[in-house]
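Next, two complexes with subunit A in common: one pairs it with subunit B, the other with subunit C.
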Partner chain A sequence: MVVGDISRAIRRVDAVSKCKGTVKYVSDYSFGDCLWGRLVRSSIPRGRILAIHLPPMPDGYRFVTYKDLPEGGHNYLHMIATDWKCFAENEVRYVGETIGIMVGPDKDTVENLRQQIKIDYEEQTPAVTIDEGLACKGGAFVNDDNIHCRLSLKVGDVDEAFRKAAKVVTETIETGFQEHIYLETNGACCIPEDDHYVIYASSQCPFYISKSISPLLNLTPDKVVVRHTTTGGAFGGKEHFPDVVCGPLLVAAYVMKKGVKMIFDREEDIENSVKRHPSKVTFKTALDKDGNILGMDSVVCYNVGGYLSSSFVVLQRGCFHVTGCYSFPSIRSVGLGVATNTFPSCAFRGFGAPQTIFAVETHLCHIAEMLGIDPLEYKSRYFIKQGDTTSTNGKIVERVMIPEMLEQVKKASDYDRKSKAYKWGSGRGIGISFYNHGGAFTGNGEQAIIKARCQLHKFANGDVEILCSQTEMGQGFHTILPKIAAYVLGIPIEKVIFRNPDTSRVPDSGPTAASRSTMIVGELVERAANLMKPRYDKEEDFTVETHYEHPEGYPWDQNTFQGYAYLGYGWGVCAVEVEVDPCTAEITTKGIWSSHDCGHPIDEKIVHGQVNGGVLQGLGWGSTEVMQNTDGHFKQTSMSDYIIPTSMDFPKQGVYLVDNPYPWGPFGAKGMGELVFNGSAAAYIDAVSRAIGKRINRIPLPTEEVMNYMLHGTDLRSEIEEVR
Partner chain B sequence: MEEVKCYLPKTLKEALEIKAKVDVLPLAGGSDLMVSHKRTLGLTPVFEKPVMIIRNLPELKRIYLNEKGECCIGAGCTSAEIAENTLCPWHLRQAASRMGAIGLRNSATIAGNLANASPKGDTPGPLYLLDARVRLSSVRGDREVLVSDFIVKYRTIDLLPDELITQIIVPLSEDDFDYIFWHKVGTRKANAISKITLSQAIRFAPDGKTVEDFRLSATSTGSKTNRSRDVEKLLIGREITDETIESVVEGFDRIISPRAMPEFRREATRRMIRRFLSEAAKKPSSKVIDTYDGYHMTGAPVPRGEENG
Partner chain C sequence: MESRICFSLNGKDVSITTDPLRRLIDVLREDFDCKGVKEGCSEGECGACSILLNGKMVTSCIIPVGAADGQQIMTIEGISATEKGKVIIDAFADGGAVQCGFCIPGMVIATYYLLSNNPDPTEDEIRLGLSGNICRCTGYDLIVESVRLAAKRGGELWKK
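Let's turn to the complex of A and B:
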């Protein structure tokens, strides 16, 4: 099939094999005498390990711990920071922390032995919530204040704004944990081969694994080859977390001199994997006598958990997005990554941005409603435009099409009429949100940190292979990249080969994360294909390579967080209409309409799929996805009590796009995988709060919480007082 | 691999004989037992005693009306079979049709739902409401007990070691009432566990005002399904007024004991009782009363967005 219009949908290259069930996932691989592994984990949130009592071990069975590392091996996992240990030594900081791995040939025996391992602890008082972490409950365990990381941003003179203010409003907005619920749980195998090890893993970022776990055996990363296996969903939950799975496997394979395989079951995965950071954002906003915003001060607290790992970067992105799609005369934002005794939080679609976007959207609604103004009218006073200053004192480089997108959404949803007709507290409500997401790594990170490389190889038979480290995890990248190459070269897409990456044979084009794959690697492939095209007919067997080059003239300082944080944002507008059951407080969603700017779409069907999934996942985060943790243990541990929404909960979506080509993306495309998550929860909560006439300050919002707000909530028009 | 000893009787008689001799765990749909006994990935479940699979016993699959017009439902009938069989009473069909997901409804049986004796079970609510009985059979013979007595307390049932649940007999149906109500607040709109479910039914005397019968049962509001004839009698023989409604609301509130989310469960229960009784008093044309009528708009435009195919 020759690719025609790049935006027109083609059949996904993996559609047939996935529908037929012929695709192999990591649990489908078997390797001769491969051993089976099961992790032994901390059952307490905080304390010291006093003793480990092992049952008698039959031949061929072993409990592997940090003591089995070779001389020179480092007991840490390198995920941006290096504080997360592969195996706990004496101290445990969270329930689920890896203490060791039980390995052996027979699954039943391994499991029986694992259950007989008894660990004595000296328990200590845990700090579980953000407030407990800040209060250093049980004594600080990170630095002397339980703050893993902090940053601050300032634009304009916020102190002057507060001096001139006629009114100052303060409120706190909170969000909860979210579990990824990828279809395929975590799993991996580690096989010793000659002088190196081979990891087969369900993951997003094969090179991350090599880099992270090779120090365990004091090896260079090239001695830990990662062969990516087709991955059944990730959402950020397989960005760094596979390191936690693969690290113990590598040590066990080293000790046993045999392959070791481990697959999590669903409950194990929910209880013992990373989550989205819970957040608490406190705004202090200066208003003039007419209610106009003079300045906005915010403190952004994220629950980081026991180890820092990647959280500082998540917190940075959170703070950079705290002004949402708006430009205010002055802002100040302080970000705090709080240490707690919970499973370390990590990447999840949006990477810190959804929390602050939800917070600022909700805060603006509350101010508008206090003033008796339609939230849309109030928000539209502050829409950011091309050339405006960002939260990091950079400028918005691109054209911002929010006005056009708003028109589409208003027309489709009938917002103007419904917003007037549905009185606050009438049982019906329509809400609207605006959101963005900076594409790719922050600032010049693509050039300074990742240095992405990509190759195209032409074979004598005319086939072209794409060599890069990008992974397919359900999002459609195995279709997107070949489509770009085939389009440029003018060859059928069937002649383009794109395999699951193997770190020993592909260049490192960076992680499949940060909405960067299409935007950055897609452009590398487009450029490589353009280099190949004039030689394609003349030469038989050759390779072309491209490197990422950051556009000149957009400086960024990673030490001060000043400058152009993102050159290309995705933008979104979402409206949600609901009604509330007056007896039971159940919410029925009557309509969902969204418009997105992802530059020029590479495949409209794939974009459509991302919009449907991202919007729905955001609605789940805002409504039913309750994940409680008050004593260090996650209370929801299965698919029947961790409630992700169904198509019955959010039945249909109106999906709109605008065409806004991005000059540095392939065919004008920008990132969009995370964007589509960032705003739907805010629109939903806006709609529900208008329907019940009460101010809502925290998500998730299951039915009992709606009832709670109906009975005890604060009226939308009342003065905003800080909720504690 | 651990071994599970299984019995596979072909007839009910054979099953009862096994039950009389061996301490076996009867397994029909397996939707509770296979979950509660599962181990980690790739390992077979371990059962503490032998399992007797009674999934396909023909004697347990029938649904019919007996000579008294009572609906008799075989113990092995699945939720899906009950949901689509119009011989079954309306309340029970509603509950069966909203139990879990489609796959579960195709395998879970009504006897299993009762034997599990979970306070969140879907079928006990309607069965309590309609005075249903459960038939317990053994080689010694049969006996019948009210479902509300059969479920003794949380996770405890009145079943002797040699007995099997063979039939559920429901003497009443929606035909015995003027207005009916069933509403489940689930954890989500499909594939959901009950947060609170209320079943109600009312019949007026020939004068059209005096309440001749009124029934009310609630699920997920205590350690077992709640129903109280004493509370119902606060309305029976009287007319629906604000005072009699409130006496029922308060009386019922006293008998329920929700542990988690108590305020929500109590408030939703109170509101659903008030809603049903105040609507029934207005004598609407529709027999089924729900929590609200919906908000009707005239001239509302159809969303012009591309809808998902």
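Let's turn to the complex of A and C:
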């Protein structure tokens, strides 16, 4: 029997082989006699393709386009929405849109030919920013208003709140693009085999790829087998985007009757991959005469880019999280997914929630500071509790341990003293943020859409294999799931096998996304192991299977977005302390402290690593990670001009956890992979605002922007714009 | 134009006839199967392709193979077989340094180089020593802790 609490850290099963460099990523496979592919993409943000001029093609080289699809083939990628074409036909909507794929045996020759392909366009005026999209600059290209998708939420009588208000304030909070910078760039290989195709891909969701690209060749998904290769980081950037990579490879493999592979280099990857949605959230907040909030109205705009793909779901999650960790008497929120001529935005750790959480946290700080109240004191008036109503008129089901987490962070950071001692504008500041993240798919999505299945197989020698579609991309799932199975069965973890999934041999347990893997699939494994346990010593070679079952009594209506959006949230509190150089505006971060509730952790060290990485990625988003796009082209295209944090940019973090077992998770665990991203930027910006005494309402905040705010910003204590 | 280039790779003399302007990373990965040398950025920024050239840490993506002629090269394949390398790898595994793993061979090399030159570094010195190696997963803290653990466990070994 395994002794001790499951939370106690063990060595990750993949640690040593990854250190030695013996783990194979997709670029490490040879794939035998494969051709090379390189995408030919639109160089303009918006227009029509008039002509494509090809150089003379040597034998064995070919330029493959939509015209090469077989009869019945459907030139679309079947993501959540089916609007993104595999190959542009006549119209191009963004720089980097795939027009064709150049293929052939020699990599350099393929690249050389690709560069000789000339495309004539009729250029049209692009709409690049949210404002340009909303203004239909150059004419609407999606519907008649450039709105890809919209939703609205209402809780309580918000109109009455505005009628009764002593004061109504309005302000807009903005966030920018963020690039994932997974250390391993995108890459995949597609090989024809008998009556089917095999895809090897660096990805998060192998079944998504099969479903998305099989219609290109008019095939059923089972004819496109996906073998996941160990993935060197993803963060959402390999949730749907591998479909965009693998679609052209599949068509090329069909045309050439040979395997075709493609590995992006870094510049290609940054310029031509999905990003986090830029956002613009405008609040209108009704206050009574004492400054208490009566109602909050928000318009949440996300820059979706040229195609919808997954963005409606991102926007929904954004709106659901617009009230953060708070319960206000009344709210209204309208979400708009704006069409622009930029690379389509897609999943990135947090999936829409970080933008609205940053916005509401920052807005509350600004109101507090205007009123001359410590932001923590002001925010604490509205902390949400078990049983309170959520933004979708559901209830918070679980105990909310924000008070306990706050105590930990206050004690570790010395918040109370520092918050008083560091006067606004003094060059030092401490900030604090509160955040949450709804675990797993929204509402009844796990039951209605995903329908996860998982199997455990016992072999005669006592080994047990986990069969599911979850992928390892760094988050530790190759350790977490076997640990759960081994712990339940009372066998050493070495006896539990968990391979990279192959869609032809594992059941579909859903995507590795939405902070759902431990919470949902971990529970399926726990339950399967419990079913296996009484038979383990008696029987040889048998399989048990479990299916997801949604707890009863928590209704959700996906048409009206009403009800229980999430049964288990992760919760977080983060404090950040900074010092600002008064001459150069450079910021030195002096301390970072956070506490998180992820239920009962399956492995403390893995959780610790997730906290460190998520918090730092959030700090990068809030500070140095500038990704500009004003004319349809991303300005930052390499790791020397897109600046993510190094080991020297931020100090060691204070990491704290609370134990709050979740009744429907394995051993009480909940989701946490995205939670840990959601709040650090808000704490950082709160700290910098206080240090410089100015109101900051957009991120990222590189040094030149700090200087800009110091010289031209609005004083923290000044009135926020009033509306009547 | 091709030329014959001879160097020592992980303690073994090797030679190759190739274009001397090919990137060292490509020759190591393609011709000598050193797949632990990872390509992250192609411009010497991220450190995933770090190797030791005559004992000094360099990024092999911005070095032409011609520059390796007559030199000594150690890659992760060689380092991981050394006693020092084993201490680092054990410490990384116990310290929780590894997530996606793509930066990790480079981090092991950076640690080897740091501790070989500074057997008992402070936290700031460790952070400086790792600052040429980018990691997007870990936030660095547990890598820094693991380097400290490797320094402690290795003890006298680092002074050899």
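The rule is simple: the second predicted complex is superposed on the first by the 717 of 724 C-alpha atoms of A that agree within 3 Å, B and C clash if a C-alpha of one lies under 4 Å from a C-alpha of the other, contacts with A are read in each partner's own complex, and residues count from 1 in each chain.
The working rule: a contact is a pair of C-beta atoms (placed from the backbone, for glycine too) under 8 Å apart; a residue touches a chain by one contact, two chains touch by 3 or more.
Treat the numbers as computed from the prediction; the structure is a model and nothing was measured.
Contact with both subunit B and subunit C is seen for A:Q653 once the two complexes are overlaid on the shared chain. In the overlay built on the shared chain, the residue A:K605 is in contact with subunit C alone; subunit B does not reach it. When both complexes are overlaid on chain A, the residue A:T624 reaches subunit B alone and has no touch with subunit C. When the two structures are aligned on the shared chain, A:G613 is found in touch with subunit C, with no touch to subunit B.
Contacts of A:S640 after superposition: both subunit B and subunit C are touched. Judged by the number of subunit A residues each one touches, C leads among subunit B and subunit C. When the two structures are aligned on the shared chain, A:L249 is found in touch with neither subunit B nor subunit C. In the superposition on chain A, A:A585 makes contact with subunit B only, while subunit C stays out of contact range.
In the superposed model, A:R38 lies in contact with subunit B only, and not with subunit C.
Contacts of A:C19 after superposition on the shared chain: subunit C is touched, whereas subunit B is not. Comparing which residues of subunit A touch subunit B with which touch subunit C, the overlap comprises 27, 265, 612, 640, 645-648, 652-653, 655. By the touch rule above, subunit C contacts subunit A in their complex via residues 34-43, 45-46, 48, 75-77, 80, 88-89, 92-94, 96-105, 108, 123, 126-128, 130-131, 133-144. Contacts from subunit A toward subunit B in the complex involve residues 27, 38, 107-108, 111, 263-265, 268, 411-414, 421, 427-428, 579, 581-586, 591, 593, 612, 624, 640-641, 643, 645-649, 652-656, 702-704, 707-708, 711.
For subunit B in complex with subunit A, the residues that touch the partner chain are 1-2, 39-43, 183, 185, 187-193, 195-196, 261, 263-265, 267-268, 271-272, 275, 291-292, 294-295, 297, 300-301, 303-308. Note for the complex: subunit A touches subunit C at residues 9, 11-12, 14-16, 18-25, 27-28, 180-185, 230-235, 265-267, 473-476, 605-606, 608-609, 611-617, 638-640, 644-648, 650, 652-653, 655.
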